[in-house]
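Each of the next two complexes has subunit A plus one other chain: subunit B in the first, subunit C in the second.
Our next item is the complex of A and B:
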């Protein structure tokens, strides 16, 4: 069985607000100096999900981690290799830059087809930078595979997965025949700590690199050229907070004052 | 070429330590006394298992003794992470990464290693270190009055020690004794002494600035078999090996860890707190404090990393490790002091860990070789003056 984890490297969400900058001319985020990008947290959980299936025995399973990104994304790949994945794939090409969820899914799908024998793909429920949560679904669409998103539990048996999904008002369990794409949520549990021997072994694992042309992709259909999403304006919103105290002698008076105040601002 | 960039492997190791401190240690600490220096045993056992599973237990132990084989540069970087919590300075991660044995034990005989070194590595025994006496710790070669006299196959030891951390709970100690009063340095021998030996007494617990007290010990006609002589007779101070001297480097870096955390806290606070209509961070007086914090942290880090890098390459690093100890410790003290000033009254309170670090960092300028003694060591190297006196 061949399992794939899609891993994105993102700016560290713990970047202090003072160090977070955007370039309004190009509508892009400026990397904070001295703060290394990290593996998107949900992708660490997706890796955990794939590794648990690999380790649940039964069949021989191999886990490949794929990242589309700059050379620096090798660190994110290495992190998943250190968790126990077997091989890495880096999708690096200037043509991939400036894309959207759609072009990302397109590139990832080409790489998965290139691998050939993939049975299941695990993505994070969303990337912790833009929080779009679309790549997993679009990827399933591109591949023409079944999909289940926002998983909190995944069980594999005999070519099928049963996925417990998080809904706004509870959970639902769906069954899918492989091949399939799943996105994994934080409710799934914590990703493992990479073990020292695995950390050391990760450097020796193979990481294959593909460019657009090696995947048979035309530069015009990927990256900013193929992007269907256009960012009109990127800005850091000004937040302003104000405290107002309600006055009144009794709880009833206070509540009445609060209701009036909220109604005045059309909040209720 | 000078290159202080961190490799991916180092980063993954550091990330593991950082994550454990943030996700496990700090939340537990919220429910502990502000001066606590140990975890509830069940929590400690759980975390030790986690660390063993990660392969990072007993990181400071050399590979030939079962340690995981992490180089000194990485251990220095890890030490900076390990102390980033309230008790982190004197109880980094509350010991869940293992307590390495005193470096002198690597010079022990096979028999002694069996009885003392291995049990410490396995976490079954703990040791205290008995060098300082009421007569002085900076110049122990002259100050040691504890006397050992050979009697048949035994040594009879009389005297006492002061400032021995952990001696009241330890199973044994490495104790420095004058065995030949006609000689200076060469008249001092080290012994492995079981705390159950008749004549060994903990006279009192000595309270100090930090919550973890030290002890005063007395030895009365203590009979110690010759097998417990560590190293050669008169060779107490010759018990030197690379582990022993290298260990000072990560030790120095633990001070940096708390400085880094104090500085982060102060930066956040300076941006939030408004006085006279503006955030503190807009005031040049405060900006300069924060810049000075950053300078002290970076200087300390470079000093520690340079010492570690030399040690890693197998080059001499005595001057550099003394400098690292001095610069990192004194710098960290200043950082915590400035951070407390920025926090105003809150900086004085036990709601924040700053006041604990402030007290403990003050001890660091005395313990493990006072700043003056570090300067003496550096002066000897710099001026090529004879050592050993």
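Our next item is the complex of A and C:
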């Protein structure tokens, strides 16, 4: 069984708002000094999901991690390799830059077709940079595969997966035949934390690199050229901060001051 | 410029859901005289259109197979409505349904979707969609190079217009087709009593509470205010620790709430959390950190240890309500 994890490298979402800057001329985020980009958290969880199936499934299961991105995205690939994935694929080409979810899915699908024998793809529920949450589904459409999103639990048996999904007010378990694409949510649980020997072993694992032409893709159909969604303006929203702190010498006084304000404003 | 808009509606207990009514209000505004149509799928759909004020045309099917959402079934039904209506804009809620219909329908129609939008506007005839990104640290406005434009819309982005008559014409959509996914089990995790989306006061506890027991104190605050008005929410950090159920999570990957009063106790105010509550009328923080991000959004604040403040607050609230 061949499982694929799609992993994206993103600016750290825990970057404090004060250090979060954008370049309005290019509609892009300026990397915060001293804060390294990370593997999008949900993708680490997607990797955990794939690895658990590999470990339980046996039968020559293999996990490949794919990332489309800059040279630096190798770090995200290495992290998933250190978690236990077997091989990495980096999709790197200037032509891929500035793409939307559609072109991203198209490029990832080409790489998955190139691998040939893939049974299941695991994505994060959303990349924690642009928060779109659609590449997994577009990938499934592009490949013509079944899909299930926002998984809390995934079990594999006899060519089928059953996926427990998080709904607004509860859960549902759906069953579908492979090949399929699944997107994984934080309810799945924490990803494993690689130890030093695993990190060292990961350094020796193969990472294959593909360009657009190597995947048979034309530059005009990928990246910003092929995008259907065009970003026209990126800006930082204003927050009106006019907080009034309660004063008092005891918790009672502080609480009473607050209750008084809330009553005056007819909020309680 | 007039636009022809299709709203993908959803049913809630056999009535059009609140978010459907929000989308219809938004659609009427953006349509600028163009046609507004709505799809409703599942038991009670045809009847539920009476509440769909603002829509001129309805497409419904009462087939009970649509009651549980399965993407492929819904999308083929929606596609028949798209064929006869040829909308240039399609709106769907950022719900379990919308998160799947948006991308899959966009692919089928050869177009694009902007997810989780908070505003849709017409600028010189072309539709722009604005949405938060980077966990709410930034906002992005998008244009589309393909048609129709599809947007999933965050709850509470448009205000429901009361009254208005339902659609004049109604067309029956085909019964559900085969699905590739089979639903084998469902489990409800609805909290009892008032839902956080409907509460006028939401009391939210964060990781700083330190343990699950402290959520009992959040519930005491809510009951001191009145359980007909107040409900308890949680940050994702608290939910991930297992201190409170996922159905109560507020934020980007949880629920969107816009109560009159949002009381955040030991919540840092991360942008992804605020994405679910920044539309509240008044935000109040209780936090021991003078530098906490929650203060950028708060109207009132108490700096201090919640362990001391909260018992005093419960007492004062009880006094105030004469309990």
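To be clear about the criterion, the second predicted complex is superposed on the first by the 238 of 268 C-alpha atoms of A that agree within 3 Å, B and C clash if a C-alpha of one lies under 4 Å from a C-alpha of the other, contacts with A are read in each partner's own complex, and residues count from 1 in each chain.
As a working rule, a residue touches a chain if its C-beta (ideal position, glycine included) is under 8 Å from a C-beta of that chain, and two chains touch if they have at least 3 such contacts.
The structure displayed is predicted, hence computed values, not measured ones.
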For A:197, decide between first (touching subunit B), second (touching subunit C), both and neither. first
Contacts of A:151 with subunit B and subunit C, given as first, second, both or neither: neither
Does subunit B (first) or subunit C (second) touch A:256, or do both, or does neither? second
If you stack the two complexes on chain A, which partner ends up touching A:232: first (subunit B), second (subunit C), both, or neither? second
Touching partner for A:123 - first (subunit B), second (subunit C), both, neither: neither
Quick check for you: in the superposed arrangement, does A:217 touch first (subunit B), second (subunit C), both or neither? neither
Touch test for A:36: subunit B only (first), subunit C only (second), both, or neither? first
Between subunit B (first) and subunit C (second), which, if any, makes contact with A:107: first, second, both or neither? neither
Let me test your reading of the model: by the given contact rule, A:66 touches which partner, first (subunit B), second (subunit C), both or neither? neither
Report the partner of subunit A that touches more of its residues: subunit B or subunit C. C
Contact residues of subunit A, present in both the subunit B and the subunit C interface: 16
Subunit A partner, complex, touching residues on subunit B are 8-9, 11-13, 15-16, 19-20, 50, 53-56, 68, 70, 267-268, 271
Give every residue of subunit A touching subunit B within the complex, in rising order. 16, 18, 36, 74-75, 78-79, 82, 193-197, 199-200, 202-203
Okay, in this complex, where on subunit C does subunit A touch? 68, 71, 95-96, 99-100, 102-104, 106-108, 111-116, 128, 132-146, 180-190, 201, 225, 236, 240, 246-247, 252-253, 255, 260-261, 270-272, 278, 281-282, 284-285, 293, 295-304, 308-309, 311-313, 315-317, 319-321
Complex contacts: residues of subunit A adjacent to subunit C: 11, 13-17, 20, 22, 27, 29, 100-102, 125-126, 128-134, 137-138, 141-142, 146-150, 162, 164, 166-177, 185-187, 227-237, 239, 241-246, 250-252, 254-256, 258-259, 261-263, 265, 267-268
